[in-house]
Structures are given as C-alpha cells and as structure tokens.
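Here's a structure for you.
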Amino acid sequence: MSHLLEVQDLEVKFALRFGDITAIDGVSFVLDKGEKLGLVGESGAGKSVTGFSIINLISKPGYISKGKIFFKGNEISSYSDEKMRKIRGNRISMIFQDPMMTLNPVFTIGFQMVETLQAHRKISKADARDIALEKLKKVHIPSPAQRLSQYPHELSGGMRQRIIIAISLLTEPAIIIADEPTTALDVTIQAEIMDLLQELCESDNMALILITHDLGVVSQVTEKIAVMYAGKIIEYGSTDQVVKNPIHPYTEGLIKSIPGTVIKPGEDLVQIPGMMPTLTNIPPGCAFNPRCYLKEAICTTKTPELKDAGNGILAACHLK
Amino acid sequence: MNEENTILSIKNVVKHFDISGGFLDQLRFKNGRIVLEKITVKAVNDVSLFVKKGETLSVVGESGCGKSTLARVVLGLYPPDSGEIHYGGTRIDNLSHEQMLPFRKKIQMIFQDPYASLNPRKTVQQTLEEPLRFHHPELSSNKINDKIDQVMEQVGVDQAWIKRYPHEFSGGQRQRISIARGLILDPEFIVADEPVSALDVSIQAQILNLLMKAGRERDLTYLFITHDLSVVRHISTRVAVMYLGTLCELAKAEDLFANPCHPYTKALLSAIPVVGEKRAKQIKLKGEVPTPVNLPTGCVFHARCVYANERCINQVPALLTQDNGTCVACHAVEENRVIS
Amino acid sequence: MTKLQKFKESYFLYSFKHDKVAITSFIILITLLILAITAPWIAPMDPYDADNIDIMNSEIPPMWSEKGDSSFPLGTDNMGRDMLSTMLYGLRTSIIIAGCAVLLQAGLGVFVGLTAGYFGGKIDAILMRLADIQFSFPYLMVAIFIGAIFHVVFGVGSYERLAVPLLIVIIGFAEWPMYARTIRASVIGEVNKEYVEAARVIGLSRLTIMIRHVLPNSLTSVMVISTIQVANAVMSEAALSFLGMGMPVTKPSLGSLIQAGFEFIFSGSWWITVFPGLWLVLFVLVINLLGDWVRDVLNPKLYKG
C-alpha cells in the first residue's frame, strides 16, 4: 500500500537577482495515516518552505525545481492550480504561527467557517453552521455557539489558534501541516494547544506535520522527526531514538544546547560554534562542517547522503 | 525584607498606563449621562523584591504579566506611580536626569530584539563609543578604542567588523554587540529583558554562556526577565514568578523547580516541554488570562485556580515567607489547602 | 570596504541600473539642471537686460516656420525676447524658487514633526491641529494674504525685487504640514524601538536622542516626499505666476511665461505659451518619475499620496 504522503527528492529554488539559490535540496520523507512527523530546524533551515511546497503555496520568486510529491498515490506536485485547490485546505490543511494570517478581521468566526466549508463542499448554510459548531466543540472552546457571532479581535491568542484548528478540521483533512503553531503563545497555552492537536490526530486518525524550532515540543508530540539544516534533512528517524541517541553532530549539539537537558544549572551550556550558513553561502561538502567538532578532510569535499545509522535512524554524516 | 548585600530593592511599586487616549476618546454614554472614563492598564501592582549583589534574579511570567514594565521602572524609563526603587542605599526613582547620571553608569540594560535595539544608522564603533564619550568625556580616542577592542573581544565579535552597520550582522552577532554596549561602561547591575528569546536554539546557548561568563568575570548582578523556564532554571540564583502584575512566588531556583508552592507556578512548570520526556499530566488552568485592564478582585489568579474559595475572591493575599525562605502569595498555601 | 565599493554593490544602484525609466529621467533631469544653472553663459541672450530687447523682434515664430529667424531658434515673445533664452532663465528661476521653498517646508515640517512625535501628548495635539488648520487653507488664499502683507510692508515698487523670496515663503508655508505629518508618523514609529530606550539607559538627554538617534532614522521618509514636493512646488509657482501673483513678466519664471503667452495664443503666436508649457511638463514629469522610483526603492510604506 502506498503512503499517505510521500515527498521524493524535493528541491525548491528561489530566483533572485544574482541567480537561483537552493532553499530545499533533495528532501524526501513519507507520512502514513495518523502519523505525526516533526520538521525541526533553526530559522532559515528550510522547514517552512518544505511545508509550503507540499501544498504548492510557495510564493514567487520560489519554485519547485525538482522532485515529486504524492498524496494517496497521486502526484500532486504536477497538479494545476485549480486541481490543487481541491486538495489544499480540504484534504491537507495548514495552520500558521500567526492566527491573524488566516482569520479575516472584518468577518465573524461563523461566517468564515461557513465560507470555508462552502468553498469545498456543496452544503447549505444551516448544515455548514452545524458542522462549524461541532468542530468548535471538538477544540474545547467554551460557549461555542456564542463564538460563531464573534469577531477575531474579541478573542485571545490561544482562543484564536483554537478557532484556526477548528477551521482546519472543517473539511476533515487527512493531513494537518502546523507551522510553528504555538510560537507566539505562552507556555501554558502552548501546552494546551499541543495536547489538543495530539488528541485530534488520535481521535480522527489524522496525520500531522509539525514544523517547529522547539525540540521539546516535537519530542512530546511526534513519533517521527526530521532535523533540517541548510535546506537538507540531516537526520530522520523515530523521535524517541533521535532525541535519546542523536547521530548527527548537529542534532546532538542542538539537544545539548537546550538548558536542562544534559548540563547542570549554572554550568556552561554545550554550544555549537558559529551559525547556520545563509543559503547563498553554503560551504562545500557537508554544510555543517565549519561548526562540527568531528570534522575531517572528507567533510569539506563530499556532501554526505542520508544513510542508515542503526536504531532506525537515517543520518547524513560521513563519520557516523 | 531588607537583607545584607542588597544592591537593588523595589518597594511596593505600582505602574499603571493610561490608554484611554485624548479627551474625546474618554467620553462615554452611560445610564443616560455622559461621563469621562479612563482606561488604565494595571501593569505592575504593588511589587516588592530585592536583588542581592552578585546574584541572578529572574522574573518569569507569561506575556502581559508586567515583567518588562517592572524592568523599565527599575531603569527609570517609566516613572513608577507609587513605590520606591533603591539602588545601593539611595532612592533613585525620584532623581532628576542629572542626578541619575552616576547610576546610569552602574545600571545597564540588554534588550530582547537584536534587530531593534541597535540604531541602524550607526556603525558598531559609533554605537559602542557613544556611552563612553558621554560619561567619560576626558578619555582620549586611543583609550576609547582600546576599551572598545577589549569589550568586543570579550563578547566574541571580530574587531575587524567595527566599521560595519547592524544590518550586516546576524541576530546572534547583533545581540553580542548589544551586550558589548551594555558592558562598555563597566556596570555593576544589568537588567536583561528577554535577551535570548528572539534567537535560534544553538545561538541561545552561545549568548547564555556569554552572559554567565561576563557575570563571573565582572562580578555582575543580573535582573533577568524571561518567559522561558528552562533558561531560568539554568541561570538563576532566585526566581520571582509574576502573574497579572503581581508577584506570586519568590524562591531560590532549585527550591522553586523542585517544589513549587503557588498553584500558578505549579501549572507553569508542568507546561514546560522537556526534550525526550513524554509530559507528565499537565495541570490545566481554567478559563482565560484576565486582561490587566479589569483586574479581578482579591487574588488575581482566583478565577483560574482550583483551590480558590471565598477568601481568595475577596482578599488580596500577602507575600508570606515559608520555612525554607520561599515567599508565596496564596491563601491556599497559607491555609495548607494545596495538595502537592 | 570603502563607501564607493559599498555603493557599487548596493541595491540602490542595482535597481537604478535595471530601471530604464529611472535612468532616462535621471539623465534628462541632470541635463535640465545643468542647463538652468549655466543659463547666463549658454543662453543666446540675457532676457533680463533691456538693452538686448528690441520690440521690433516681437512675435517671431520658431526658426523652422516660414517667417522664422535663425538667430531666434524657438522664436520670440511679445516683447521681442528670445524664447530659448527666456525659457532657460525661466527654468532657473523656477528651480531656485521650488528648491528653496522645499527646503523651507522641510525645515519647518521636520522641526514641527520631530517635536510633535517625540514629546507627544499636548504638544503633539497642538502642533498637529495647527498643521491641520494650515492644510485646510488653500495655498492660493495663503498666497493672497502673504502677498498683501508684503505689498503693504514693502510697497508695490519693490515687488519685482522681492518676488523670489515672497514666492519661497508662500510656497514654503503652504505645504510644511506634509513634512510635519510624515516625520511625526515616522518618529512615533522609531521612538518605541529599543535602540531609543538603549540611548535613554545610557543617560543621553532627550534633545541628543532626538537629533542623533531618531532624526537620522526618520529622514528616509523626508527624501521620499521631497521629490514629490519639488515637483509640486514647481507647479505651485507656475500656477501662482499664471494667476499674476508670482514672478513679474520682466523676470519671468516658467509660469509667468506661459501666462504672458496666453494672451497671444488666439492670435496665432502659439509658441510663446506652448514651449514653456512643454518645458514645465518635461521637468515636472522627470522629477515625478524619479520620485516614484526612489519611493519604491527606499520604502514603499512611508508615503501615502
């Protein structure tokens, strides 16, 4: 049986004035029904671009230059814009960091939910409202009927994010792509939203792609993890294994640099020297080599491929 | 609650902001009459704490809890509505601009957003020499350059980049420059307002290490404002937890994380995601954070607290010191109603 | 890296090189400016000197028409002045008036806007209401008022001598709120940034912060609106002159030239009006085109027009 979502050797380029730069370079992963995948990386690693390119929402000057994306066995990367619209927001939904990116401030919540449903299905207004109400209940919004007639600005940040989740659930999608869904929220609310996403995936057998920079969040919610660095996946495997026994020196450094993981309070944190290269300036060989404590001659000449590193982990490192 | 070695003490500080706008915006029509109504954000309400020399006191809380306002009140950027700020025994909140200058050298600040905290039209050199030239007009250019070189080296920015503008640097490097500006006057006390929250994880570690190193080498005292509890646990000597402009708990860092007392602190700690650990059952809070415009009566946390009773709704809890030195403002803790 | 190198690699230069309209406008503008500045040396005759003017030469058509005279390439006006020379001198006068008026506008506007934006509160309210009041006066009314005061104070006789400063004051006063508003908006945006707080933490005085930190960061918007304002000022000057409240016919600006020729357009002497008119349109057009480009490059959000 084919996978629910399969991304094969995806390459995304941005056409800039001094030539094309590669934002995503040969990313491949698969996602099965009900599976939760974490895409982790620092800003500029290409994790959001990956998310956007799955639903073909990369804005100009970006374009998919290579690779294929299959959804339920169909190659959606070759779909026309019109055909894609039937998938996007319907079978695959997306949640953004800033809820106000999705919510229109001049319409009520109810109006926006009904509109979303009617865009994808032939359905009467009353029926659409019933479904909207049901979804609002599902995301545990207090007094849901009342919310339908409220405007986005009348709600708090956490509540808005719940509404967004409810909207993304309207069409009963098979996959939700959540791009930093809780970064703008406080910890207590972040935890609630994460619990909610997890619960929904389990109850509806929905797949989740969680794009975030927060390894803590990923390790609690997802089963699989893909760590990205400079446009490539450098480590890919089960979350438990990767977090406990990271193979790639970058993943290792990233985990150890978080206060409270391995270092006692007050002591110096393990730090990765330097910073991630900008996309215009990626070093030859392994992109991580200038910051790597294991670096050897081969790292500066040959780009490592993702290969089996045991424990079900794939890692792109010559030395492991 | 003064103690030995207190370098900064904040006494009953209150800071409200009037956001009602001009005269016309304040007009309201109520019960058939036109009335003037002011809307105030009650950012900080009667907060008292002290900072001991050489320690790192962290103030944590969620957005809107007044922690950044408190930092700015300490620095005199906002005058407090009432209450006092004492630094090294001198009251500083009522000083004139000129009287404040000697304290400006001693108290410096590091800001959250490295993209906004450096003037985009000034080179690194100009940014760093400005405080020196202002406070030490007698210094020669050579001395100033030496000082800049020395601080740049300490924060790990290449001296060759001194003629560059902020936009040529990455976020982490900018934060280093911002720290260099904070250190260049050789201050004793640094207020750091979320200095790492705008940075990537691997850069965060670099900056935290830098701050801790500078603290050790220069014997600095930090007032550290942040919402990130794992950072707090790592760097703090003591921690103050704020909720809606009020201090709820003040304790030694290890005590607070091992044994949180206040129900809000408990909920906050249970929500931190820890790498590699499936989360223990999070303590769910009921309802929403009230706005600081309409503060709840009594304990500001009562509407969300599982232990709340009649007394919590009516009476504001005082900050009481426990046996182990932890200070908690909670009726339930006082009455031993909290099950740990 | 030197300043020159930086400039060579900048986005500013890059976008300029890739914008044909900007390049063309820039070349025309520079040519016009050079022509205007060097008018006393390159113009065939000095139209201000009564000795050069022969009334017998009046209303000679351009040289390519039948009755043309090759010593007057664009013909002559009703007073017998060479059109080409008069236009070069006229452009010069227009540019001087517009340039100085914009400097005056900018000076006043930046001062008021900076004060209002930085101090806020009552000062802000008073200054901005003042700007609103100023803006609700049509500049023609301002022109009539100030013109009248000038006439009373200095007498009608000295008008010719004082016309240039008078026009500068009128146009300068009419449009300063434009600058005041723009600067205020940008100052309010800057004042809340952390680098201003950082300067306060250092202990700098308000005045120092305002001049050394806030002002330089607000000046981009001044640059953007200045191009538009120069074009507007040239137009205002021309309009005032056309209505007879501007430069006298003896020392014509482009506007007074058009006005002078207007009386003769129906008697067939179209060139007296049309050439200065085209001259004015060309000048204003290239400024506006260049201004559009500058606005796009520097910051598209700042200017609302």
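Think of it as A, B and C in the order they're written, each chain with its own count starting at 1.
Throughout what follows, a contact is a pair of C-beta atoms (placed from the backbone, for glycine too) under 8 Å apart; a residue touches a chain by one contact, two chains touch by 3 or more.
These numbers were taken from a predicted model, which means no experiment stands behind them.
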Graph class of chain-chain contacts, one of line, ring, star, complete, other: line
Distance-maximising chain from subunit C - centres being C-alpha averages: A
B-C against A-B, pair bridged by the larger set of C-beta contacts: A-B
Distance from the mean Cα position of subunit C to that of subunit B, given in whole angstrom: 51
Distance from subunit B to subunit A - Cα centre to Cα centre, in angstrom: 32
Subunit B residues touching subunit A - in the complex, by the definition given at the top: 62-63, 170, 172, 200-206, 208-209, 212-213, 227, 229-231, 233-236, 253-254, 267-268, 270-279, 282, 284-285, 287-289
Subunit B contact footprint on subunit A (complex, rising order): 42-43, 142, 156, 158-159, 186-188, 190-192, 194-195, 213-217, 219-220, 240, 243-244, 253-255, 257-261, 263, 265-266, 268-273, 275-276
Contact set on subunit C toward subunit B in their complex: 125, 193-195, 197-205, 213, 216-217
Contacting residues of subunit B [partner subunit C, same complex]: 22, 72, 75, 77, 97, 100-101, 104-105, 107-109, 111-113, 116-121, 130-131, 134-135, 178, 181, 185
